[in-house]
Every structure is written in structure tokens, then in C-alpha cells.
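These are the structures, in C-alpha cells.
Here chain A shows up in two complexes: once beside chain B, once beside chain C.
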Partner chain A sequence: MYDAKKIIPGLIIFALFFTFPFWFNLGTAAYTTPELELPDPEEHEHCIESTEYMRAEHMAMLDEWRDIYVRDGYQEYWSELNQEYFLTSLTKTCMDCHSDKEKFCDRCHEATAVDPYCWDCHIEP
Partner chain B sequence: MKAIYSLILVVALILIAIVGAGLLGIGYLFGVIIPYLAVLVFVVGFVVRVVSWGRSPVPFRIPTTCGQARKSLPMFKDKWNRLDNPGTKLGVVGRMFFEIVLFRSLFRNTRVEMHQGPHIAYSSSKWLWLFALMFHFTFLLIFLRHMRFFTEPVPGVFVMMDQMDSMFQILTPALYLSSVLILVALGYLLLRRLLVPTVRYISQPADYFPLFLIIGIVISGMLMRYIGVFKTDLMPVKELAMGLVQFSPTVPDGIGTTFYVHLFLVSVLLIYFPFSKLMHLGGVFLSPTRNLPNDSREKRHVNPWNYPVKFHTYEAYEDENRKAMVEAGLPVEKPLEEETEETSGEEASDDNAEKKE
Partner chain C sequence: MKSSRRKFIKLAGLTALGWSVCPSLASARSNRYRKIPGALKADRWAMAIDIQKLSDEVMQKAIEACHRLHNVPDIDSRQNVKWIWVETFKPLFDDQVHAHQMEGKEKLPLLTLCNHCDTPPCVRVCPTKATFKRHDGIVLMDFHRCIGCRFCMAGCPYGSRSFNYSDPRRFLNNDELSPDYPTRSKGVVEKCEFCAHLVDQGERPACVEAAEGVLFFGDLSDPDSEVRRVLRDRYSLVRKAKLGTEPQVYYLI
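Take a look at the complex of A and B:
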């Protein structure tokens, strides 16, 4: 091979770059999905909507709540699942049950490097 | 037709993933075996291809000269010629750097125009350069951003990329600017092939297929993030990704079909990569028209496998024939030693005198 002194280091850099996740995680503990601290199931059967819906859409729901509460002045959210009105408030509704941000919100957000801007305004209760 | 053929191929790949992972539920094949195979084929195939290029000899300097050579004449003082026609290693490093990072040759792209007259005109055309640059850098950013699924804890640099990419906080989850930019760039690159007749004429399935494949990857990724029914729970996705890179693969429940489509298309891209024109990723570093210094006038480059030719130099020729040459009045570089220098000198001066008269 010609120019092996240049090509081989280049290929080594390439291989190291593309196998980065393989060697970066060497020696670390096997990854497990973080456990969430959920409210007592005897007190609360389920969240204001189904778990699947909340997992997928909680961020959109909070965004919508912010808009309808702050901009339009509505304070109530009708939950079909619970047949009940809820106050459209992160602090007063969500965090009434999920009271510990670090043991609920942050666990998934940190694992997936998500940085929601809720806490730019809200104070952790 | 070539475009439709490529599109059908990509749609078929999507259907394979939907049927295989979604309907038949063979998540282990699509989530573990194919991705491992893809990474292996990609890295090994890439290395083999580059090594095979390395075996091709490039004995002579063949750089594209885009400016007047540095040392040719004192009147050429343009300092950019150090990059456009480098004569030194440093100049080559600079040329390669700007070539790889800023696509300087593409910046020189021109368009032929016919005017009334008829006149022909070559005008600057920067759109291809702009959108190509946009595509490549957003692709790099998206690739690096995905490392948040393959690392735990996620290093700050990837978190920062994520935040910068979603800094305008449009929509929830926040819209990545790179998602929009890459779609715009891919749209341009595709429409250019479809709508410009000259480019369309030379476009092959091998040109359309990677475009459609990458568009498919981007769209499936965006659907997973933004559109309700396609959304995928990220926690099992991260578990799958981490299982792959920690060599303890698991296929957790609750991963949506869209994810398998996304992963399958990425795997196909990785497998396709070493056999396709996408190898310009490695090839750009090995372009002899870019990575050689234009120093043919300063250094003698000898073809290493030349047959050892026996040269008959002019000096040897003159040594053999000097006497006859002097007798015939031919000019010689070294005067005859045995004969007196005066005679030959006088003859020469006589000739000069005659000419003057």
C-alpha cells in the first residue's frame, strides 16, 4: 500500500470515531431504564389521562395548558378518563402527586438529555 | 423512471420493516442482528475500500491547478494561489482543510447560460454549494446528537448540541433546526436532479437511492418525535441502543414500528455505504487532484516501477564525439584538452569578426 503512514492513521481515526459509543461505554455498569417514583397506587388509580397518552403527550399537554391558562385565562381541563375537571397547573395538579421532580421528571429527561424549559419559570415545589 | 425505481426500492424497505418488526414482531432481527451486521459491514467495508484505493499508485503530481504556481514568475503574487495551487505540504493541508470543511471546489461551480446573439456565458452558481454544505453539516450534527441514546451519562457536549439545535423552542418537543434544514437541503438536492434537464440526464438510480433513503430516515425520525400516532417511547429505545453498544442486546417491549423503520433504513444506509458513491467520505481525503503539492518544477518525481533505462547523457555523447564536433565547427561545452586552446579560441574569434563585418 502506498502512503500507509498517512492512510492507516486516518483509518484508525475513522474507526475510533464511528465506534465511539462502543468504547466510550466500556467498563461502565450495564444500562437499565431508570425507575420512576410513582404516587401510591391506592390513592391514585391513574394519572389524569392514560399512561401511554401521558408518556407521549405530556409535553404537548403542558404547553397547551400554559397557553390556555396564561394567555386565555381558562383554568380547567376536562379529563375523559377521570370524568373530572382538573386545574391547568403544573405545580398544583401534576406535582401534587408527582411531588419530587428529581425522582420523577428528571430521571427520564436526564437519560435522554432533554432539557425542558418548564423550570425557567416554575419553582420546584 | 430511475427516480421512481429508487423510490419504490426505499418504499419496499420501509414495508419490509413494517411487516417484519411491526406485524410479525421479529424485533430481535431488526433491532439487534441487522444493526450489528450493518455496523460491521460499514466499518470493515470502509477500511477495505480505502485500502484498495491506497494500493493504487500515484507516482506523479496530478493536482488540479486552480491558480498560477507560486514560484513560476515573480509577477504572480496572489496569496490565494498558495491554496489553489499549493507547492508545499502546508499549502496542501490548507487546501484539503478548506476542501473538506467548506467544499471550496463546489464553490467554484459555474452555470452555462445562452443569451440572445447567440452569446454563451458562464456565471457563478452557488446554490449547490450552499445546500450541499447545509446538508452535510446538519447530517453531522444529527449524527452526533444521536449519541444521547448511546451514552450514559450523556456527555455535556451532546447535551449542548441538543440545546443549541432546539434553541428557538418552537413546538413541544422542541423543533430541531437541523431537522428542518436537512429537509430543505435534501429537497433542493432532489429537485435539482429532477428538474434541471442536464443533471437529470446524468442521474442514475445510485444518485436517487441514497437521497430517498436519507429522506426516509429523516422523515421517519421526525415522525417519531413530533407526530402523535408515530411517537415512540424513548426509554425502551435508549435501553435497546445501550444494550447494543454494551454488547448485551435486549429488545424491550413498547418500541413503536416507526422506530424499527428508522433503524432499518439507517442499517441499510450503513450497509450500502461502502459500495456506493457515498464513499466520497473517505475518498475526499484520497483525491490525488487535491492532496498532492504542485512541486513538479522543484522536485523530480520518478516513477518507482520504471524499468532501469540506460541513459546516454549529452555529456557522454560530447565526450565521445568532441573531436569530430570541433572539427565540424559545432559548439562544445568542454573544449578539447589535448589540442591547444588558442587555435580553437582564434577560430571562434575569427568567426565572430566575420559576422560583425
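Take a look at the complex of A and C:
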């Protein structure tokens, strides 16, 4: 091959760089679901919606709540699951049940490397 | 060919129908929310301040009630944050002051706050729609959207807006924060919001409650409201009427 001396080492270096994330993480622990402190099941059986829905959609839900609260003045959310209204409030609703932020929200956010800026303003329970 | 044209028109009709139904289906989602049943309602909220009954004590009580509830810091410099504060007659009504005013009138201390204008310049200049006017006339800020550009501060002729040059929690007692209202963060503008969140819960603004009988709050479009009653009986002024912002805080002279 023409210039094989340069091309083949070049290709090897490229392949090494390209797969860097894979072999760099070899041997480190895989992601495990963090251990969360859930509210007392005697008092609260469910979250506002199903657990799967909350896991996947709570950020979208909070985003919608704050818009609808501040801009449209709606202060209550109807939960089909609980058949009851909840205040559309971060501190008065979520944190009322999930009162230990460190052992719930933070633990999960740390594991997933999310850092919501809400607490710059909203007052932690 | 004949039947395919028929088909095409049918399909087009169906598509048009779908288009008109879909958006209304999407908005049906908001049925999941409701306003608090006892919320106060109005077409145009307004405030009247009886300047003859304004004493230092009453003014301090109103300021204290507001700034406590909303976690407004007290910063001892030009970077202070204020929602409702004391200002003397001259800077408030400088378009109505002349050389031969009644003795001492220029130095008369008065209470002032956001005027919740009917044509608010701050709303027009805001590039993110963080400041907006509600249907009941309250000029509200959505702190979540504020990018701190300060156009609104340049637009407001009344100096009703304050900027957070640093984290306001540095100037607040963090053990005594009011749990009912968030603080703000560095780089956000803030101002009085006629206690929209309380109004939506069926309560009157905190300053009006604290200064009972001196501050009046009510619906301007309702001839029987408290505000309309005092405006009928007394001569009143608004600040910088010439500018055409139509302020809705009236001073009963």
C-alpha cells in the first residue's frame, strides 16, 4: 500500500481515540438505582401520578405547574390516580410528602448528574 | 378521474376538520387544573392611598408586612431591593410641584409601590415576556423567565423595579425566611405584584391588611367597590399622569 507506514498507525490511533469512552470506563461500577427514602407507605400509598410516570415526567410536570401557577393563576392540579386536587406547588406539595430532600431528590439527582437551580430561590424544607 | 377528484375533496375536508379539532383537544388538558374556589376576582384591580392618614407607623407596618412575606432583603446601599417604600412628595409628583408650594409639602413622606399601569411600558420592553399583564390588570413578573436584562428598569418611569446585584440571601436572616414565598436569585429583577398569589387564594394584599383603613384595594370596574367609593368622595392624584401609562395607584389628597 502507498504510505502504509503512516496510514496504519494513524488508523490504530483513531480507533483507540474513538473507543476511549468504552475502555476508560472498563471495570468501574455500573449505574445502580440509588436508595431513596420514600414517604411512609402507611400515610401515602401513591405519588401524585404513578411511580413510572413521576420518574420519567416529574420535571415536565413541575415546569408545567410553574407556568400555569404564575402565568394563568391555576393553583390546583387534579390527580386521576388519587381522585383529589393538589396545590401546584413545589414546596407545599412535593416537599410536604418528600420532606427529606437530601435522601430523596438529591440522591437521585446526584446519581444522574442533574442539578436543578430551583433551590436558589425556593426554600428548602 | 371523476371519482378520484371526489375522493380528493373528501380527504381535504376531513383534513381541515382534523386541523380544527386537534388544537382544541390539546388544550383540553388544562381541565386538569382549577383555580382555588374562593379566589378574588376583578376586571381591574386598583389601589388608593389616603395620604392624610399616612403616618410613619402605618407606613412601616405596611412595608414590614410586605417585605417579610416576600423575603425582600434590606441592603444598606444603592443596591437595595424594594417592593413598597417611603419617598417624599417632590420626587413622586415632580411634575406637579411649583415654586410656591404650601410650606413643608415637598418633604411630606408618602408610600409608593408599583403602579400596575394599564399600559405598562415594562411589559412592552420585556424581551422574554417575563413581565406580563394579567386579565385582572395586575402587572406580574414570572421570575422563572427573567434573564436580568433590565430593560424593564429603564422602561419604568416610577423606579418601581429593583435588580439583584448579588444573592439576596446574603442579606436575609436565613433561619427566618418566610416559607410561603421563594426568594430571588442573583441577576433577577423584582417588584411588587399586588400579591397576585394571595388574591388567587381569596386574600387581600399584605400591605392593605397591615394598613387597614389607609390603603384601599378593589375592583375599579365595580361601582360599589371600596376603591371606587373613596375615589368618588375624595380628590385624587396619580403619578406622572402625563406619560400616559395610566397608573392604578391613586393618592387621595
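Just so we're on the same page, the second predicted complex is superposed on the first by the 95 of 125 C-alpha atoms of A that agree within 3 Å, B and C clash if a C-alpha of one lies under 4 Å from a C-alpha of the other, contacts with A are read in each partner's own complex, and residues count from 1 in each chain.
One rule holds in what follows: contacts are C-beta pairs under 8 Å (C-beta built on N, C-alpha and C of every residue); 3 or more make two chains touch, one makes a residue touch a chain.
Computed from a prediction, not measured in an experiment: that's the story for all the values here.
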Exercise for the section: Look at A:Met1 in the shared chain and tell me whether it touches chain B only, chain C only, both, or neither; answer first, second, both or neither. Expected result: first
Practice task
Check whether A:Gly73 is in contact with chain B, with chain C, with both or with neither, and answer first, second, both or neither.
Solution key: second
Exercise for the section: Using the superposition on chain A described above, determine whether A:Pro9 touches chain B (first), chain C (second), both, or neither. Expected result: neither
Practice task
Quick one: name whichever of chain B and chain C touches more residues of chain A.
Solution key: B
Problem - Which of chain B and chain C A:Thr33 touches, first, second, both or neither - result: first
Practice task
Identify the partner contact of A:Tyr85: answer first if only chain B is touched, second if only chain C is, both if each is, neither if none is.
Solution key: second
Exercise for the section: Check the residue A:Cys121 against both partner chains and state whether it touches chain B (first), chain C (second), both, or neither. Expected result: second
Fill in the blank from the handout: chain A contact set shared between chain B and chain C covers 117
Fill in the blank from the handout: Within the complex, chain C is touched by chain A residues 66-68, 70-78, 85, 88, 91, 117, 120-123
Practice task
In the complex, go through chain B and note every residue touching chain A.
Solution key: 39, 42-43, 46-47, 50-51, 54-58, 147-154, 158-159, 162-163, 169, 171-173, 228, 231, 233-236, 238-239, 242-243, 245-248, 252, 282, 285-286
Completion exercise
Seen from chain C, its contact residues with chain A in the complex are 30-36, 39, 132, 134, 140, 142-144, 167, 177, 179, 182-185, 196, 200-201
Practice task
Would you tell me which residues of chain A are touching chain B in their complex?
Solution key: 1-4, 7, 10-11, 14-15, 18-22, 24-25, 28, 30-34, 55-57, 59-60, 62-63, 108, 110-115, 117
